[in-house]
Amino acid sequence: MDWDWVFAAEIIPTLLDGVVITIQATLLGSAVAMVVGMFFAILRRSRNVFVSKPVGFFIDFVRGTPLLVQLYFLFYILPDIGILLSPLVAGVIGLGLHYGTYTSEVYRAGIDNVPSGQWEAAKAANLTMPQTWCHVILPQAIPPMIPVLANYIVSMFKETPLLAAITVLELMNQARSLANFHYRYLEPMTLVGVFFLIISVFSVVLLRWLENRFKRVG
Amino acid sequence: SDVRAEGDLERLKEQGFARIAIANEPPWTEVKSDGKVTGAAPEVARAVLKRLGVGDVVASISEYGAMIPGIQAKRFDMVAAGLFIKPERCNAVLFSEPDLCDAESFAVKKGNPLGVKSFEAIAASESAKVGVVGGGTEEKLALGAGVPRERVVVVPDPQSGLKMLQDGRIDVYALPVLSISDLLKKANDPGLEMFAPVENTPIFCAGVAFPKGAGALRDSYDKVLAEMKSSGEFAKIVEPFGYSAEAASLTSREKLCGGPN
Amino acid sequence: MLQPIIEIDGVSKSFGALEVLKDLSFNVAPGEKLALIGPSGSGKTTILRILMTLETINGGTIKVDGEQLWHREHEGGLIPADERHLHKMRAKIGMVFQLFNLFPHKTVLENVTLAPILTKGAGREDAKRSAMTLLEMVGMAEKADAKPAQLSGGQKQRVAIARALALQPKIMLFDEVTSALDPELVEEVLNVMRRLAEETDMTMLLVTHEMSFAHDFADRVLFFDGGRIVEEGPPDDIFTQPKEERTQAFLKKIIAAGQRI
Amino acid sequence: MLQPIIEIDGVSKSFGALEVLKDLSFNVAPGEKLALIGPSGSGKTTILRILMTLETINGGTIKVDGEQLWHREHEGGLIPADERHLHKMRAKIGMVFQLFNLFPHKTVLENVTLAPILTKGAGREDAKRSAMTLLEMVGMAEKADAKPAQLSGGQKQRVAIARALALQPKIMLFDEVTSALDPELVEEVLNVMRRLAEETDMTMLLVTHEMSFAHDFADRVLFFDGGRIVEEGPPDDIFTQPKEERTQAFLKKIIAAGQRI
Amino acid sequence: MAQWSGYLELILQGALVTLQLTVLGTVVALIMAFLGGLGRLSRHWWIRWLATGYIEFFRGTSIFVQLFWAYFVLPLFGIPLSPLQAGVLALGLNVGAYGAEVVRGAIQSVPKEQYEACTALNLTGWQRMRHVILPQAFVLMLPTFGNNAIELLKGTAVVSLISLSDMTFQAQVVRAQTGETALPFLTILLLYFVFSTAISTAIRGLERHLARGLDGTRS
């Protein structure tokens, strides 16, 4: 089968519609993952085992099972108990929860990497807990996390095609729909690959920059 | 490519089975809990192939849209999934003579609250969303009638579509009559009903699809199919599934393709 | 005699199975300069950390400035103190660490002003002015805008002292503040501490391996071993005519290692 | 005079803009024990590393055992040596490092047998037997099955010596082999080296800051400064009546630091 | 309910396919990880380039695109792959590219003194890698390899989209048969969790086994 330039040009606008949704889902999903990850990290540190153990188990469970199945679950099973999420919302929650388990690890590592002497110095300076977090711990913990977190955003971007399974018309789904419609897989799939490659080349550059920018703290 | 094509049937005979694509959409195609492949389309294909000397069929489940690319990519030897014979598909593959016919129908909430009776009516309504199976005929009908892309929800498989109708994610679910009745029977949900036939849609007839170049195989297949139709064996296979054997005899591939294929 | 500013009464402390402090009792008078010496692992650091509320205690009571540190009086008895009480008590105590523990993301000046601004509600300008006075005193004023990473160990430790002083504590705790420093940098830190001891009437507790400094600096020396006070007295007595065998053995080893006492 | 086993002729070496060795020439006789001393940064380590082919040279030539080390003769001229030539030459030389560089994942015995088995095709049993003899000699036989992490620094270094000896090199290089050790462990390593010097006729080059050991051990001492040989001679001359001012200053500083010469 | 046991069997058949994909994919991934990781450290620029190209391409494009390409586009170039082959290849190459970076990082974190000791003992480049560097680096790689294997396990769910009858696919089939959604999906969620727990437990065990003695206490 030969590459058909005319067909390729014809489908690009439709694919671009998909790119918009893909980016939307990635950004929203990242925002959820950042926040959820923070909660996971804090809850898992809790001294109360009735909090830390179940949260730990939940994190392990979500990390150990496929996002695709989790999406099915959110989309097709939750309505049975009265929770009806729109496809994009279900997708964003799915991505956010799944990646939240990864980002929680990043937060944990970032916080653990702040030397214990800093906690002690803060106590000796008589700072309250919230002051210690805001002025001492987080300003040191966050910068080294940024490149790692950004890396997960890029991974998430590459997993958005899964949302096709719950009828979100993102890039991959647009491409499949086009392929189904015209009985041609070569051009849509290749173009999607090219889109992903372009975005990830940019993100590699961005990640390198972030790594250099935040390598040194203080 | 013709030299190789002559050998298609020989090859199938030798390997003892034919690889077919199905969709798992009863009563057209169905995988039983023990993994057995059945449904009207595979049963017809199985009977015809047996007469041609090919022992059995081995089925892979596939999206409708992926079937024709799959044939082109030589993933299957044929599609026996109740793929409707339509001119643009005739350009891409070779069809057998029609075997299974059905009209289009809508599954809707009880009492058809939006009162839609045609794809045009869906297009005209403000917000009605129609569910269609990816790559199926209904997707093209809906888009062709002017329903905007955002309101044509491509569901990944038949069962998901019904669930989405129940959950109110879509207002109308378009599939052939027999598919909808099977789904509704299984769901046993008094809140749903079927509307059929959909106005302004013809009766569609499906055939078995072969790759381009497998003309000889297709012709042998047609010959056996014709014999079975006249002997009444064909009716014995399809009627238990709810299909009319007669409907398939009233039309022909040439008519459905709008020319030779 | 004056009311002691620190009253330690029957305190015990264990890490898991390891009993580090055993029924320990001693008092410190206001303005007293107390040196804690003893072999490694004898519990010196642990006492300071308990006073700074960095470690909890397993038994006994501690009074600071006339108030219970780890407890609150409640219906005649004592109940464990809550965070609010600890917060209030910590305002009376400052600590300087062996490894400085400066905040690496803040400048020298910000390190010193942070706590006054946050915990005492000092105005930004006021805090800066007092911070500069303190930095002047420890000879670090011209580095006010540097980050800790740009400083030598001795400079870091002088900043850490200024930081602890900024809260105007009644009691200062020094835990081997020179032992992480290169030999040529030790003196600059000790000089600052000497001046501090002369010019203020703060109560100071000093853990050190620098016997000659302890000798010059302290009003009284406690010699620890195995979590107990083995001997105590004025530095002249302890260092020149120790009574206990263990003290003698300890000092002998120190001298053998080349230290002047 | 015997043909020298090492002939260093006009060697220069730079790291970037920093010239570390400047037109350096000296010979070593077979069986000679040579000590290299001098201030930090004078290039002593660099010479040993060049002989071990861990650093390349920028100019000059080196002959080991009569053969060019860094070059091959080719059509009358010299061309840079290839890896095969270096591989052959390295078999003549062994090196013991300041930080031991034992293989942490292998037992003591495996550390010693690895290279003989791999590079000399020694049989497993033969290699073990000779390794045990060597471990016996350095007093580490009973630790043969321990991993390096379970050993003290002095024990590690003795194993490292045995490992280097296992290849039966003609020349042994020692680079400050005791300077990473706790003081009480230095002697056990020096004792092994003393025995080695007495009992074998291996050529040995020793870089050390232990002047008294260099004095006892060496037949000849080279004093380096700034990448050049400032003075050389028998240890008695160099250590008791150095001629050069720089040597005198260096030794004076060493004595001031408390070392016996 | 009697029927359900038949459906459960269907899902277990799928579980077998999932295991098969995971094991074969992991083998391919391991091979590619070492080829890619060692390739990036090669002395020859063209090998480095090749390895970098492989790694960046497979990490850069999405596993979905790779899978669909392997399944639908490669046959057009005369490389017909069965769904299983396409799945194993896409998963293996994709996860292998991530693994390659792990291999490289671990090898580079072996201290340079170990390399020098090898030179002093006159080991050849290959002997050095085989007997000294890799055994030490492997211990460092293990935890991340474990995570990668779990990522691969999760990735197998995606192959249901190219109609390979793995566990997720069979759950869909069951769902189509029965109209029941919650039961099949909860069942496979549980099975996936069991698998991933098994992987991480196995890796932790291996890690403990290999690390024994490396940080041992002095006796």
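When the chains are written out, they are named A, B, C, D and E in that same order, and each has its own residue count from 1.
FYI, a contact is a pair of C-beta atoms (placed from the backbone, for glycine too) under 8 Å apart; a residue touches a chain by one contact, two chains touch by 3 or more.
What you are looking at is a predicted structure, and each value in this text was computed from that prediction instead of being measured.
Participant: Please state, in steps, how far subunit D lies from subunit B along the shortest route of touching chains.
Facilitator: Minimum step count, subunit B to subunit D: 2.
Participant: Hey, what chains does subunit D share as contacts with subunit E?
Facilitator: Chains in contact with subunit D as well as subunit E: not a single one.
Participant: Ignoring subunit E, partition the remaining chains into groups joined by touching, separated by vertical bars.
Facilitator: No subunit E: A, B, C | D.
Participant: Report back the single chain whose CA centre is most distant from the CA centre of subunit A.
Facilitator: Centre of mass proxy via C-alpha means gives D as farthest from subunit A.
Participant: By mean C-alpha position, what chain is farthest away from subunit C?
Facilitator: Here the answer is chain B, farthest from subunit C.
Participant: Between subunit B and subunit E, what distance separates the C-alpha centroids? Give it in angstrom.
Facilitator: Between these chains, centre-to-centre, one finds 38 Å.
Participant: Roughly how many whole angstrom separate the Cα centroids of subunit A and subunit C?
Facilitator: Subunit A and subunit C have C-alpha centres separated by 47 Å.
Participant: Could you state the distance in Å from the CA-based centre of subunit A to that of subunit E?
Facilitator: 21
Participant: Based only on mean CA positions, could you tell me how far subunit B sits from subunit C in angstrom?
Facilitator: Whole-Å distance between the two chain centres: 84.
Participant: Check each residue of subunit A and list the ones that touch at least two other chains.
Facilitator: 1, 76, 165, 176, 179, 185
Participant: Residues touching two or more other chains, restricted to subunit E: which are they?
Facilitator: 72, 76, 181
Participant: Just spell out which pairs of chains touch, all of them.
Facilitator: The list of touching pairs comes to A-B, A-C, A-E, B-E, D-E.
Participant: Across the complex, what residues on subunit D touch subunit E?
Facilitator: 52-54, 87, 90-91, 93-95, 97, 99, 101-105, 114-115, 118-119, 146-147, 149-152, 163-164, 167
Participant: Quick one: which bits of subunit E touch subunit B in the complex? Just the residue numbers, please.
Facilitator: 3, 6-7, 9-10, 13, 71-72, 75-76, 80, 83, 163, 165, 169, 172-179, 181
Participant: Which residues, counting only subunit A, touch subunit C once they are in their complex?
Facilitator: Listed in rising order, the residues of subunit A that touch subunit C are 115, 117-118, 120-121, 123-129, 131, 135-136, 139-140, 217-218.
Participant: Would you mind writing out the residues of subunit E in touch with subunit A in their complex?
Facilitator: Residue positions touching the partner: 56-57, 59-66, 68-69, 72-73, 76, 150, 153-158, 160-161, 168, 171, 181-182, 185-186, 188-189, 192-193, 195-197, 200.
Participant: If we count contacts the way the header does, which residues on subunit A are in touch with subunit B in the complex?
Facilitator: Within the complex, subunit A contacts subunit B at residues 1, 76, 79, 84, 86-87, 164-165, 167, 169, 173, 176-177, 179-181, 183-185.
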